[in-house]
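Labels A, B, C, D, E, F, G and H are assigned to the chains in the order they are written; within every chain, residues are numbered from 1.
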Amino acid sequence: MEKLLKDYKSGKITITEVLDKLKSLPYEDLGFAKIDTHRPLRKGYPEVIYSKGKTTTQILKILKTMSTHNQNILATKADKKTYIAIKKQYPDAQYNEPAKTIVIKKQTLKPKKGKILIITAGTSDIPIAEEAKETAELMGNITETLYDIGVAGIHRLLDNKEKIFHAAVIIVIAGMDGALPSVIGGLAQPTSVGYGASFEGIAPLLTMLNTCAPGVVTVNIDNGFGAGYFASIINR
Amino acid sequence: MEKLLKDYKSGKITITEVLDKLKSLPYEDLGFAKIDTHRPLRKGYPEVIYSKGKTTTQILKILKTMSTHNQNILATKADKKTYIAIKKQYPDAQYNEPAKTIVIKKQTLKPKKGKILIITAGTSDIPIAEEAKETAELMGNITETLYDIGVAGIHRLLDNKEKIFHAAVIIVIAGMDGALPSVIGGLAQPTSVGYGASFEGIAPLLTMLNTCAPGVVTVNIDNGFGAGYFASIINR
Amino acid sequence: MEKLLKDYKSGKITITEVLDKLKSLPYEDLGFAKIDTHRPLRKGYPEVIYSKGKTTTQILKILKTMSTHNQNILATKADKKTYIAIKKQYPDAQYNEPAKTIVIKKQTLKPKKGKILIITAGTSDIPIAEEAKETAELMGNITETLYDIGVAGIHRLLDNKEKIFHAAVIIVIAGMDGALPSVIGGLAQPTSVGYGASFEGIAPLLTMLNTCAPGVVTVNIDNGFGAGYFASIINR
Amino acid sequence: MEKLLKDYKSGKITITEVLDKLKSLPYEDLGFAKIDTHRPLRKGYPEVIYSKGKTTTQILKILKTMSTHNQNILATKADKKTYIAIKKQYPDAQYNEPAKTIVIKKQTLKPKKGKILIITAGTSDIPIAEEAKETAELMGNITETLYDIGVAGIHRLLDNKEKIFHAAVIIVIAGMDGALPSVIGGLAQPTSVGYGASFEGIAPLLTMLNTCAPGVVTVNIDNGFGAGYFASIINR
Amino acid sequence: MEKLLKDYKSGKITITEVLDKLKSLPYEDLGFAKIDTHRPLRKGYPEVIYSKGKTTTQILKILKTMSTHNQNILATKADKKTYIAIKKQYPDAQYNEPAKTIVIKKQTLKPKKGKILIITAGTSDIPIAEEAKETAELMGNITETLYDIGVAGIHRLLDNKEKIFHAAVIIVIAGMDGALPSVIGGLAQPTSVGYGASFEGIAPLLTMLNTCAPGVVTVNIDNGFGAGYFASIINR
Amino acid sequence: MEKLLKDYKSGKITITEVLDKLKSLPYEDLGFAKIDTHRPLRKGYPEVIYSKGKTTTQILKILKTMSTHNQNILATKADKKTYIAIKKQYPDAQYNEPAKTIVIKKQTLKPKKGKILIITAGTSDIPIAEEAKETAELMGNITETLYDIGVAGIHRLLDNKEKIFHAAVIIVIAGMDGALPSVIGGLAQPTSVGYGASFEGIAPLLTMLNTCAPGVVTVNIDNGFGAGYFASIINR
Amino acid sequence: MEKLLKDYKSGKITITEVLDKLKSLPYEDLGFAKIDTHRPLRKGYPEVIYSKGKTTTQILKILKTMSTHNQNILATKADKKTYIAIKKQYPDAQYNEPAKTIVIKKQTLKPKKGKILIITAGTSDIPIAEEAKETAELMGNITETLYDIGVAGIHRLLDNKEKIFHAAVIIVIAGMDGALPSVIGGLAQPTSVGYGASFEGIAPLLTMLNTCAPGVVTVNIDNGFGAGYFASIINR
Amino acid sequence: MEKLLKDYKSGKITITEVLDKLKSLPYEDLGFAKIDTHRPLRKGYPEVIYSKGKTTTQILKILKTMSTHNQNILATKADKKTYIAIKKQYPDAQYNEPAKTIVIKKQTLKPKKGKILIITAGTSDIPIAEEAKETAELMGNITETLYDIGVAGIHRLLDNKEKIFHAAVIIVIAGMDGALPSVIGGLAQPTSVGYGASFEGIAPLLTMLNTCAPGVVTVNIDNGFGAGYFASIINR
């Protein structure tokens, strides 16, 4: 902006040109964009496509726009068919089948110091855990996983207390009764795993929101991306 | 019935009399009543008045009918005003203020051998616990209580493991996230304690219904009577 | 533990070894595990896999771990495809198709004395009843069934009053209005059978929770395993 | 209308007058009003005021309009204060306190032949039953009541089978689990009586809507007026 | 019964035989059965199978039991596949495809005098209307239908006012906003037709329950059978 | 009507004929129809078929009736199969595949002056936007679209402020959190796009209803037709 | 801005001053504010305080800031106590008690040509209607009201067809079943009037959202202000 | 532990004593307690009492136990009456009336470097914001507040961009539509502020859970303590 004004003063550009340029300035420099500062524009943040409800054509078109930047790309909730179509044009694309994530890596970030520990209550919660893991790793985090720590496995927490102690952030993923985060604390991620009065994840969501344990926050049902993303933000 | 038929055959009674008698037989002896056998007609079961929504006049009238039997009487969800009115006519009536129960004891039952252990997650769950306790004790059970075993107090479980081991039945009462029964097991009793998305007890109710721990059954929100009653039935 | 300490005192093992051993002691001997005493670690309790949402590969892997123990194994909510895959590696596996249960029996338990009676309101409730039955029988219970005791069949209760009288525990399974447990009492099991405002089992669940009949407790919708399991626990 | 046309032809009235009159004809004679025939315009139907949410001034104003007709008047959900204000101006007004109904009787209808039997599951359901009773009686029906036929009283149905057999219409009123109409059939009336997961009457409403018993229809929670009104319509 | 007693007195049968016979008396003659009098045992009432959730084998087995009686049979919510299987064994079976009903007629009832008029708001509500129609006709009623009287067609009410006037009972079937019964009155039948916030029929169900028009009662969502059945009961 | 009366007076027609004619007058001229004036009978309004839940046969039959008028026809929520069947008989029919709309244009309306701007939060909201667009255009409106103005694209609002300023009506379509209308204002259209606790569009619907921004009104979830229609009405 | 740049070029101000000024420019001139153009900053729009949940002190403080502008002020959902406190400092303040609105009028707007017609289904809906009326009038609209056009009064629509024809915008306000807007069309405003399954306004809200009548949009329950405001916007 | 074993070896203590001591070891040293490490036992974390539903006597008793430690004490959701009672015994107690928090400060923590910024959408959200503020400050954080950044105030975000840029953690508190966190990001805190379909905070809760903005996590409705606590944990 300073340069713009100087050029104007020195006569290099006319007042009309200044006004035009001011209007076409990348919005980042204007007032509104400032609010955007917590958004994924900073170095190291991936560009993200939520694939559900989008056609392959739409996804490819979005990818084309994105790939002019040098940022890593993450597609979530993507089925295999979509992946195969993408793979043809982006041979670097990698698919995590349970996680339903596609990753196109353009840069390898310097790994952060703190580890993110991802714990699931059951085996059926693993897909959401993997989505969180892919997200966190793409954002430069080192992750560890402890899967299937439910009723029958809660003693395994003891066997893994070192991991728990040393984790910078813990994501706890559970469906059904969603009680695990009340025991461990951390970033609570409900899943739609369950039956009967689990109501596609509402029951564990409510459990987590109502936890008596302080230090628990919640993301949306089955939102592994959101959990991984937020964990990465607080893993400084 | 056999005697009836014999009397008829021997001419002691006429056919009309037999038919009349058959019609006026206590319904307990007829088909339908047989279904009723799991109901509180057996010795030792109290007569119960759910007081909410009833006027004092109505309660006194019900009490009058009841008191011709020799069974113990339990009024639940009764406010103090009701108690005072009852006390005047039934000087033996006793009030447990937090539990909101009135007890009129007519017989002391031989105590059962097994103990019923009543555990609450928080201090605010105590009224429902006391309602369960009054019910269980009136039905001849010995009870023990462990109150306030929530987030900050879960280690007290360890200090009380003897109690937990030796209890014949455990009632676990919790509001908010309702996660405690998932840890301890037993008869789960949700309460309307909580705020925000606890929805007057729906959140803990759902947690308990969806628990991954087998061996957990649930009664209605704030239904301390139901918990105490069922615990007594299985405490044989 | 005592032996450990004595060996240490006698110099058989070093202090480092004691500390290591203490750490690796089966958690059953440590504080935390004590809470676990109501859990399925005791003799006669099966190992259980909730199959829904798990891949066949995952289930086979879990089975492999389990089969090093000598406990009976129960897989619930398992489809036929899963059963066929398991059957190849575990020829003893048996499938109950309506119940969707797979049983691998390693030991035959001494049958308990009390009988568990399983009643359904309708024909469509039978799968959940069968799941409860398989669970209860694998845990050493003798079961009897009374199916289709709904509107048109309630008089059959009369024809079966002996069964009802002599049952140690009664499981009552109903969808739609869920009114049957209010009539019979016992362990109430709602199912997702119904239409319109039945809301996948919420209507019968609410009916059961709100029953005016004392002595009724409820498990989650379609949770035949939970009903069978709890019935077995109280059938002492 | 015929007369109107004749007068016009004979010159008694001008064409403008005919058109004006046609416009001001009571709408009952025009097309639209025909739809209204199931509405309370026929002889014997009361005029009704739903009092909740109306000020006493508003109610008095409505009464003033109504009282130019010769129809009976019924105010529902009216508190005592309202009644006292009305009584001053309408000395014939009568109040049923539990029912919260005010009746101003202007004509006594010839009683219908069939009886309407009103049954409640509990004591707390009586106010709604009384509202139904007042409505039905004001519409020329003879009513009978059987109150408090719940869990403990279901055998009383047997003692009253004559009444049940001979009733032209049966209204069954229940809160809590709402299971009674499934047993008796008839016009089901849920009430907001209950606690915990009764949700102000939703639980019994759902039970009634989902009943497996055919021949059951439902009105809104606590809508004693609606039940009495519909019972009267079908009591021909 | 009288004969039984006389035979016994005259020595034709022994006391053991009397007692046995009393036990095996059709339950209709004993106390409990009396409650059942509003149930479909009376002449002219069909035997009904709710087909959803039942296997073809189960339905055929039920039919076999039923067909020893001489009552008409109605299967609701039956798919075509089921019909074809039934047709092979019961050549008289008739299928109404939109209604999804199968009828096996064994007797033709004397038609009742009053007509039942069935009105739908939209074209998509017709299947439920047809289910109500089949039910009502099988029970000896004459029916008329007025389909598609929604927003665009409400004037057709005027064109059909004769029908509306002369109907003994009116069933009004609507999905979406469910407002039609508020205009016409009668027996309101919500359907799951709609989208968005219609919630599978909850929206029209609520509209109908909350109608300001007196004289409206409601049956469960998509429960054409229930509507037809109740309409038949009140069409005397 | 005046003519009718004059003819009658002059003896051209008899009184019976007048009465008959009055009865058969198009209902538009009678009282009731007047209410209908906000309905789609006026010039330029299309005839509309909501295709979901209707068979192709039913749709063709409705089309046949409609096509005797000279109005444009719009079928919403129509699948491709339906379109192909229609196309055979109505070669002018045009299909918008994402919108799932079929249009049969019989007249081209004079375009209105104001533009309707249709904005979506995401790519997945486009089908509903297209449905709104087809509706609005068929009713003679000029439309503009701004798709995918979500989190990542909100700055594009700035780039398009001219469009926003000059739009006569703005439709804002969003699923997930539904927050966009709170920022832009206008006619809010929730969609069922989302996952987890979005509950098929309830979450954005509630957001829009609860918006703190005045000047926002809401239509039903996924009701693109309703949004386009209302926008057209206020675009005078 | 142009002046700013010229001053800078001519040396009147330094580059630092330009940059500072650009930062402190009223946000209206920057990008972001442009979005705000549909907001109440334009002439004639009142400043609005939602009073519920605010202390009198807070309201007075807000009023103080507002009153430096020359815009009309509207406080909604304000109780009488708040009004009395305000009246002391703002003697021009006027209270509409049923509407719970306080108006401080600083300018009289030139009345718009079109009339806004406000219709309620019942007497209890009047407070919300009055809130809409106060809002619309303060924004320069002429309003008319038609109260109590419910079941008993629907014929009054006919008597008022002129009003309905000539209204520029119609607001239809209803609680209970919310069916009125389906009949009349327009801007639908649900209220929390009702009982039983009306659920504080959810039932009429759903009816309105699901209306089959096109041309209906909905605002939040009891949001008379929102209805009045939007009606004013479209009344151009 | 090592010392214990050495003492035992050296004969200072007997084997019985070792076993006893092992049992009575503070549970922190045993397996289970390790899980507790994310709990508030570490230095600087306050002891917390949730006051709602507790009697003053109960609170005083809890305080007595707590005050033997040297930790700061925080009572949330406490009414003034409770405060006055506490103040008498703990003269250092301080009350924040809108926040409804009581603080008893025993130690002043070294302030953390990062600032926590607390933003509310409206004035009515301030009490929850103050509760978060009190919590965060007691845990050693420096806080800043930006209240009333709703519809009318969103431009103030621009005026405060420095604060937003430099905050270590942002808590965004909103009722009604809950849209603010979608714009700002951060830790989202729904409140029960609102009316109509806000459902005591469910609407903003759903908005926040469903936000399209990544980097947003949610705590329970009105749970200012939870927000402040979690913000403090991530403000390292």
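In this section, a contact is a pair of C-beta atoms (placed from the backbone, for glycine too) under 8 Å apart; a residue touches a chain by one contact, two chains touch by 3 or more.
If you're wondering where the values come from, they're calculated on a predicted model, not measured in any experiment.
Student: Go through the assembly and pull out the chains touching chain B as well as chain D.
Tutor: Common neighbours, chain B/chain D: C, E.
Student: If you average the Cα atoms per chain, which one ends up farthest from chain A?
Tutor: Most remote chain from chain A, centroid-wise, comes out as D.
Student: Using only Cα atoms to place each chain's centre, name the chain farthest from chain C.
Tutor: Result for the farthest chain: G.
Student: Taking shared residue numbers divided by all residue numbers at the interface, is the value for chain C and chain H over half (same) or under half (different)?
Tutor: Counting which numbers both chains contribute, over half are shared, so the two copies meet through the same residues.
Student: In angstrom, rounded to a whole number, how far apart do the mean CA points of chain B and chain G lie?
Tutor: Here the centre of chain G sits 54 Å away from the centre of chain B.
Student: Just how far, in Å, is the C-alpha centre of chain C from the one of chain B?
Tutor: So the centre of chain B lies 26 Å away from the centre of chain C.
Student: Chain D to chain E: how many Å between their CA centres?
Tutor: Result: the chain centres lie 26 Å from each other.
Student: For chain F, write out the residues touching at least two other chains, lowest number first.
Tutor: 27, 30-33, 35, 39-40, 122, 151, 158, 183, 196-198, 202, 205, 209-210, 213-214, 220-221
Student: Chain pairs that touch, all of them, please.
Tutor: Every pair of chains meeting the touch criterion: A-B, A-C, A-F, A-G, A-H, B-C, B-D, B-E, B-H, C-D, C-E, C-H, D-E, D-F, D-G, E-F, E-G, F-G, F-H, G-H.
Student: Looking at the complex, which residues from chain C come into contact with chain B?
Tutor: These residues of chain C touch chain B: 31-32, 34-35, 37-40, 48, 157-158, 161, 164-165, 170, 183-187, 205, 209-210, 213-221, 225-226, 229-230, 233-234, 236.
Student: In their shared complex, at which residues does chain F touch chain D?
Tutor: Residues 1-2, 5-6, 8-9, 15, 18-19, 22, 27, 30-33, 35.
Student: Which chain C residues qualify as touching chain A in the complex?
Tutor: Going by the criterion above, the answer is residues 27, 30, 32-33, 36, 39-40, 50, 52-54, 58, 62, 77, 190, 192, 201-202, 205, 220-223.
Student: Spell out the part of chain E that touches chain F in their complex, as residue ranges.
Tutor: So the residues of chain E in touch with chain F come to 122-124, 151-152, 154-155, 158-159, 193, 195-198.
Student: Per the contact definition, I'd like the list of chain C residues that touch chain D in the complex.
Tutor: 121-122, 150-151, 176-179, 182-183, 194, 196-199, 202-204, 206-214
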